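This report concerns only the one structure given below.
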Amino acid sequence: MSTELSAGHVFQARVTLAQRWEQACFWLFRGATYLVLLCGAVVFLNIFVKGSRTVFQPTAPFINTAFFTESPESLHVFVWQGKKMEMGDREHRAFVAQHPEAAKIKTEDYVYSAGGIFPCIVGTVLLVVGSMTIALVLGVSAAVYLNEYARDGTFIRFVRLAILNLAGVPSIVFGLFGFGMFVLFFDWNVSLIAGWFTLAFMVLPVIITASEESLKAVPKGFREGSLALGATKWQTIRKNVLPYALPGILTSSILGIARVAGETAPIMFTAAYVVRDKLPWDVDKFSDFFFQGVMALPYHIYVVSSKIPQNEYTERVQYGTAFVFLLIVALIATTSIVLRNHLRNRYKW
Amino acid sequence: MTTEPVPEFPAPMKRFFDAELESFRSNLILMGETAASQVRSAIKALVESNTSLADQVIAADDEIDQLEIKIDEEAMRYMNLRAPVASELRLVIVGMKASHDLERVGDEATSIAKRAVRLSAELPLKPYVDIPRMANIALEMLRDALDCFLNGDTEKALAVCRRDAEVDSINKQLYRELTSFMIEKPGTISRAIELMFISKSLERIADHATNIAEEMIYLAKGRDVRHTDEVKKNGGVG
Amino acid sequence: MVTASTLMETRSPAPNLRPTLPAAEAGRPAAPAAPAGQILIDIDHVDFFYGASQALHDINLKVEDKKVTAFIGPSGCGKSTLLRCLNRMNDLIDGTRVARGSIKIRGIDIHRRDVDVIELRKRVGMVFQKSNPFPKSIYENITYGLRLQGVSNKARLDEIVEKSLRGAALWDEVKDRLHASGLGLSGGQQQRLCIARAIAVEPEVILMDEPCSALDPIATAKVEELIHELKTRFTIVIVTHNMQQAARCSDKTAFFYMGRLIEYADTQTIFMNPGNPQTEAYVSGRFG
């Protein structure tokens, strides 16, 4: 019997069990992916919508600059001449000075619900910059040693295992370690420098692993070519390996930045204050700069979300802070990506 | 849409061993010239009964032999180390074969010279007319074959192949003539035999010239014309 | 393995390899060398190990000055290993050692403790199988080695760049884009750039590890042409899998098999009339 008569042709499509599974799996995977997207969108939109009420305003300049430039204050709510008034601490004091009779009016006070988050922004930026500097110096050095100099042996395998384990340590344990080590043992108290080192140690495994990968990705030929021209090992690494590994290292440090900026646990014992009136550069002598605690965005969110009585006024500062926080992380990451792309275009192979 | 410009083919690259090929070619030319002049001198020695010229020819044969060895060496070295292909490969192979032919031409010239020495002791059997004529034709054939090597003129080379019959017929004619001499006057036998051999030598030289011409056609065209109608056409007598 | 610290220690008493003439030491069998060309590199009974496995067995070979010496043999026969011994690139691999014998360049054992490997590599340049121009400009590629040596005079650098590029038959092709990336060049040009980079530091010897294995025939021919020109100024040792290449560019050829030197002779002898049946089998492609 010819195939033409029976079933069309040899490649005739038929619905089989395998094809049904094919369809089912396809939709399962597709659905899962869309679900993730949905979750992400809900989280971001939620923060964006609620946070933008604080960050943006309907009148020019459309951005609530005070939120960025002022310190947190208590919110005073009271009734004045039949009107309900909401005022920050400073505003209220000025108001009272103007209307002495207002001093007698009973106010409801809500801590941190007014003012801005300027000290937190500053603190977070300082923490990120400091800890990433330490982490990159230590991490890249270690990666260079492990990848370029060290000979494979028991010791190196042990070091790699230690790095792997370090990556798995929960951040709260780092916080505790920093507290014990830097705050108590080194007697640095709750300070920027204690926070820097604690955070640096936390991201170190990420940086080392990623830097090592980047170094490995640099072709062996560049090293051999350089050595064959009579370069020393360090000259080779400095001139002909590290520059090409830098984009990769920076990519990894973007991840590090997001972690450093976001973690609350490591800094809550080591570097963060609930509230501090003085700004970090407001110090008597230079060395004091390193030994002062700072406010930080993640810790501030934690404080305003769980450490103070919740009411209708706290949401403003909670979501506002979270929104700003996301913006800052995005900004730092974007800068790194731009820098990385710039370097990557310079060194291509 | 404009038409795509035809990509320009790059000029042939110079290679460091091009000089070896040049030397090979000039050695072959030199060998051809030498062989031809040997034949010319040998015939001249015969006609003029010039024994010293004949001795010179005999002595100079070594030169041709050395050239053959040199050409062979160069060819083998070139094939060994330079892996020639296409026209270069043909050149090297043809060069080796042609040098062998030319060496034989040299040998024939020597043989003529030796006979010229022996004949010079006796009176000539008859005036030398046919033998110089034959020699001229053979030398022209040789020259044309070498010209083809120099400038790739295959028409000339084909003509060489066709002229071979002319020499053959003169040779046959001389053979008959000399045979009748010998029958008539047995006293001429030794001289007649020498002359027969000289005639035969010239016929062989023409054959070698034909071979060389065929080789040069192969070099230029990459086509083997040996034993084809192409070279036998207009073959004429014989 | 040479670490930075050991280099520091051996830096100061770097022996000058250049002025010493090849030592015809007493008590040593006379070199069976051709009258032309003095012995530059004397490889004497060398055994070489990668960890526990022996890669070279009792290699005896004398490389002549200003000649091209080709190393041929099937993969894994040790020819590249020997080549990399000559500028101690094997030092970069853990667990390698020359267990016996010596490699002398102008009479100086390059594995001696007081030999500065950095100095050695300046004198013995190398071109690799995979062309490895640095992802820098052509100009920077050439000046890389010179800058390491502290040459910073712009006029002098310019001069050497031009001289090296001309020496590598690359000048005319790249003179208008010296500051473009070396990676923008074609494969053959890249390899010639690597050669230019190597000759910029004026070595005595250039080692070439299958320099044409990734190139097309035209680029290969250009590199071979270049090799022929370079041998007036440099001694060249070339490892190649391409038999024709060995035949075309080398003066002497060494055939290796299983870590042993099977035959070493004039290239023409190796290819026309090899003394060893294994050599014959290999060069005629009837191996194994």
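In this document, chain identifiers A, B and C correspond to the written order of the chains, with residue numbering beginning at 1 in each.
One rule holds in what follows: contacts are C-beta pairs under 8 Å (C-beta built on N, C-alpha and C of every residue); 3 or more make two chains touch, one makes a residue touch a chain.
What you see is a predicted model; the values in this text were computed from it and never measured.
> Which of the chain pairs holds the record for C-beta pairs in contact?
Answer by contact count: the chains A-C.
> With centres defined by CA atoms only, which chain is the most remote from subunit A?
Here the answer is chain B, farthest from subunit A.
> Would you mind checking which chain's mean C-alpha position lies nearest the centre of all protein C-alpha atoms?
Minimum centroid-to-centroid distance belongs to C.
> Can you give the whole-Å distance between the Cα centres of subunit A and subunit C?
Chain centroid spacing, subunit A to subunit C, equals 52 Å.
> Could you state the distance in Å from the CA-based centre of subunit B to that of subunit C?
A distance of 50 Å separates the two centres.
> Give, as an integer number of Å, the spacing between the C-alpha centres of subunit B and subunit A.
Once rounded, the distance between the two centres reads 94 Å.
> Inside the complex, what are the residues of subunit B that reach subunit C?
Touch list, subunit B to subunit C: 13-17, 76-77, 80-83.
> Provide the residue numbers of subunit A that touch subunit C in the complex, in ascending order.
149, 151-152, 219, 221-235, 239-240, 244, 347-349
> Which residues of subunit C touch subunit A in the complex?
It is residues 1-4, 7, 87, 89, 92, 94, 118-119, 121-122, 125-126, 128, 130, 132-135, 144-145, 148-149, 181, 183, 194, 197-198, 201 of subunit C that touch subunit A.
> What does subunit C use to touch subunit B in their complex?
Residue positions touching the partner: 218, 221-222, 224-225, 228-229, 244, 247-248, 267-268, 271-272.
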